[in-house]
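Structure below; questions to follow.
For clarity, chains are labelled A, B, C, D, E, F, G and H in written order, and residue numbers in each chain start from 1.
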Amino acid sequence: MPGVVINIIIAVLLCWILFITIDIIFRLPEKGGVSGANAIGTTIAADKGSLNGGFMMGNIVCSPDASAGTLLAACGVFVAGIPGGLIAAVLVYIGNRICHDPGYAGTTGALCATFMVAGAGMAGIPADAFIAGMVIAILTIQGISHPYASHLLTKLWRIRA
Amino acid sequence: MFELASFNIGGHELFVLPFGDIVNYFTPYTAALFIFALIFTIICIISKPERQLETAFGTDAIYAKEVTGKDLRFRRFMAIACGIATMGAVTSGDIFNFTLFVSMVGICIIGIVASVKYKHVLNAAFNYGIISMLATIPLFGGAAITLAATGTLSIWELSAMAPAMPGIAKALILVGVMGEGIAPFYAAKAELFRAPGAPYVIMIHVSSLLMFLRVVEIMLAV
Amino acid sequence: MIPLYDAAMIPVYICGIVALYAVIRIVTEKKTLKKLVFLNVMNFAITGLIVLSIPDIMALFAGIAYFVGSTLEANAIASTYAGGKTNE
Amino acid sequence: MAKVENLIAIYSVIVVVIAALAIVSLIVSPIGYEDTQLYPKHINTSSPLNPYDRGGVPFGTTEVVAQYPQNSPYLGYVTAYLTPLSALMAISNQYLGTTIVSHPGGIIDEILYNTRGLDTIVETSILFTAFAIASFLYRREEE
Amino acid sequence: MIGYLIAAPFLGLLFMGIHRKVIARIQGRPGPPIWQEILHTLKFSFKETWVPRTASKTLFIGIVFVAIAIWVGALCVVLLGGSLLLLFGIYMVQKMVEHGVGLSPGSPYAKFGGVRSVISASSEIPLFAVIGGIYFFTGSLMISDIIQYQADNGPLLFSLLPAAIAMYIVILSKMHYGPFSIVEAKEIVSGYKTEHFGAWRAGLEISDAIRTVVLLMAFVLLFWGALSPLLLIIAMLIILVSLSFVCAVTPMLNPYDSVTMQLVIIVILVAWMAILGLIA
Amino acid sequence: MMDDYTIGLVVALIAVIITFYAAFREKNDIHRLIIADLAEVSALAIIALIATDLAEALIIPGLVVGISELMALSEIYLVRENLNRPVKEPFRIEVLDTAPAIIAAILVIYGIVLSGFTGGVVAGTGMVFYFMGKKQTERFALVETVSGYAWAFWIVAFFIFMVLPEYWFFAVMLAGGAIFAKVTAKMSLIGTMRGEKDV
Amino acid sequence: MNEFYIIILGLIAVLGVISVYIKKSPFDKLIGLAIMMGGVIPLIVLKGYLDVAILVAIIMPLTTIFILQATGRNTDES
Amino acid sequence: MNPELILGFIILLAGVAASAFPRERDYISRLIHVEIAGTGLMLVMLAYDETIAILTFVAVTAIATIVLIRVIERGEPCD
């Protein structure tokens, strides 16, 4: 029982770092990809938030990005090992095209996450811990407090820009 | 192989036409209804519509309304479809199949008048259409209750086990048929019947009356 | 005797509770666009639930179909709410 | 009764009354569910054809409870047959039952096309008629 | 059988003549001779025949043949002891015939006649009460079975009086000059028959004649039982004369009153059926 | 105590009563159309309670009747009110540029695998979505012709079943394929019939 | 295990229904619909009918998009 | 009675009631409420394992939606 909890905490940290890094590398916080993401960003900014963080949150809502890639790759590894992760990456690519997203953040995220989860599996952290971990990680960004999360994301974005 | 148990309603069966589980049959009664439908359908096929005389208001002029071209072909097609559906309904030996034919008659009735361009006719058609759509609830509901309560839909089997069909189902089917064929029974304003094109308009009346006669027979037989 | 919890079930519990939490946040949130952000959390959690319930390759497909579908839906709602294409 | 618009209200009242009577009579004396139904279901969750596995021999007979078994000597032929594609799906995965059975050959095809084929004919004719009405009106408006 | 078929039109036309004569006498007029209707029909048969220019030709002609055919069929059903339901089916098809005759020429008068015949669709509903009552008592709808039942248990006229009254009213609504004959009221010329001339009109008259015979005969057979031919004709005559009395002393109702009257009758009958059902 | 079926039937009948009560109070024609759509749901609920394979075979015709009447009635309504174009100015959202082609492809392929009526409707949904993303109306007449021939093929297949049952395999394939083509064609017509020529 | 799933999913579905009913704007109603489907689709998966679940998950957004075509852009400023 | 069936009945009744007595009288809300009833029906079918019926029903509902949308977007706004 405590082992499971520790596994999940480690998974949360790994997922969090992975998807934030990839999203920022792919310039998600720069601007909203579609008009919906734009609108979400400005709404969050108007509500005591920060604009760039808001754009990134809007992009996460409107298209499968690295966070979705991580989750789905974890799911893929959970059901079918590394091939499952690759299938998930392909499907995330299709999902990106469906959602009018020109970037490759989701696909890259899925590929990276596949190897990360598979590697962690050898180190003793099962894939289902990563699924739970990713859910908690996205909860910290999207689900607790939008102003703080957006400010945090904007700070991280400043580092890159 | 097939023996109609309730032969004292419409006579002994003359001819059986099996389509899988749905076994259509002709008794003297249904055969007579079938022939009526057939005659009126043939009349629809071969006759040209009349030119209805109308007086134009304000003048003494009398002009003839004509049904021509595409309109004519469309309405003839609808009337024929209506006739075929009626023939199916009167010979069907299966409750659900009967309800399907009845709802087809309901649609065809709307179709026959739908091409007329007068607003009041279209209004009547729309309202009857809504009713015929609402009437599918009691129709299908009645058939479904019959199936659940007796384990069969065939009129042959149902008539053999006599009062097995629940009263609820009978009432629902009766109301449903009334809804699909309500147009002629609400003729006080006679919107539908003012539409020109006598052979096709008569088809409306023929089909709903025959449907009604048939449902009375089914209700007595099962 | 059903145990109160099962160590292998902890991910499922986490997903379920997060989903429920997200739903409650959606229902209590006032602004439509911010609801969508919480909806995204719910999608993650439900996808996790789907995949964790049946470990099979088809469940992966189902999860991804669900996720992409609801993302598309969120995208469409947000874009329509914002008024469609801005340029042209 | 004076206006055609009120007809729907009148009809609704009739149906509401009958449905209310039906509920009352159901509560007083439930009509009960007949246990010997046609084409009953039996669920076998471990089969790849999950909700629709009815057993039987391909190209042979399958025991299905039809209304008139004597009427159709080929009853049950369609039920157990799998096309190559559906056979492939069946061995590759456990959870594709609906897709496999909906593919040609399966109990629903058997019922729809063979034993209750007339229903399907009527049903498609209804669709055809309604589309004829809709497309006729639509195209006349276009001109 | 053939003999009956040939005799029926003449008998019917004679009955119609008697009907007119009785009405005239009650109203204090001399009235036409009783063979007037026969002469009438013969005269029409030899007149020039044409089809109006606006008419739908096939329907205009075909409907006349349909009218004759259905009542010949009905006569066969009654004579052979067929299904009562079939007889009433034919009775309802008559409605469509009137409608078709009225609509086919395209003339407004005929059309009004046809539309009015549709309005009086409510007059058919008492028939179902009759059917239901008879089926309830005898357990069969074959006329032969009903006659057999009456031979065993006595006439149905007394045990099923309301049904008999309903059927009487149904016959009444089909008689000329009756209170419910709104389809041929004088304000719309000759109702649905306005445009049918010559041989077509003769055909319609013949079908009317056979109809009169069939309905009267069915009434006697259903509510009294089998009789020898002579007694049958006398019984039919008695009913006819009683009908003529009713026709003579009542005014013709206007369409809406007529429908209302029929609705009242329906309500009474349905109530009676409900009571019957409750007792059983 | 009541069994499952009776409880279900009571629930479904309550739904029917509510539906008809709504129909009784409603005076607006579009609202009436929507209620008619709701009515289909109540009707199907009663059929679904039977819970055999036959029930499914009955649900499918029920659905067809509902959708076809709805279509005919909506067209009659539009003709009666003389409504030719949308009152609101149309606008585009981004996903409609990319999503329809991919999703339509998925649905059509899956529909072909399913075949039969179900497949037809699934593929038809995909086609409707595809045509919604398109700007010009497509070749209406061609689609109609295809569906007409498909219907004829299905009738042929039915008679093979009834008259020459030994060729049942051929008949199943023909029926499944023909009904698929027919339904897909009919359904995709709805997409073209949306007819926004000015967009 | 199943009890947990069913309680959570049932709650989600019912909350979705309630939220559809009490919210006024059509957009909020559509979000409520999405919540409800989020409760229903896993129930289909739990029964083992994955192909059905996939199809429902694909067609559900289509229905939403169809409805969105008629809502038009947001008009109330809130 | 299995839980899907109970949930299905609840949602079906809730949906039918909601679309019969909507809080706002505009077409779109009513249409969305009809979707709820459809979902309830879907659950009932699921409880009885009628999966092909579910597939067909979902697709037909989508098409019925667009048919109604076609009317709504051309009709007069109602209040």
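In this text, a residue touches a chain if its C-beta (ideal position, glycine included) is under 8 Å from a C-beta of that chain, and two chains touch if they have at least 3 such contacts.
Keep in mind the model is a prediction, meaning the values are calculated, not measured.
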Chains touching both chain A and chain G: C, F
Label of the chain whose CA centroid is most distant from the centroid of chain A: E
Gap in Å, rounded to a whole number, between the CA centres of chain F and chain D: 15
Rounded Å distance, chain B centre to chain D centre (Cα mean): 23
Between chain F and chain G, centroid-to-centroid distance (C-alpha), Å: 21
Residues of chain C engaged with two or more neighbouring chains: 31, 36, 39, 54, 56-59, 61, 72, 74-77, 79-85
Residue numbers of chain G (touch at least two other chains): 30, 37, 48-52, 55, 58-60, 62, 65-66, 68-69, 71-73
Partner chain F, residues of chain G touching it in the complex: 55, 58-59, 62, 65-66, 68-69, 72-73
Of chain F, residues touching chain B in the complex: 5, 9, 12, 16, 19-20, 23, 29, 32-33, 35-36, 39-40, 42-44, 46-47, 49-50, 54-55, 58, 61-62, 65-66, 68-70, 72-73, 76-77, 79-80, 161-162
Sites on chain B touched by chain E in the complex: 8-11, 28-29, 32-33, 36, 39-40, 43, 46-55, 64, 184-185, 187-188, 190, 193-194, 198-199, 201-202, 205-206, 209, 212-213, 216-217, 220
Complex contacts: residues of chain A adjacent to chain F: 34-36, 94, 97-100
Residue ranges of chain G in contact with chain D within the complex: 48-52
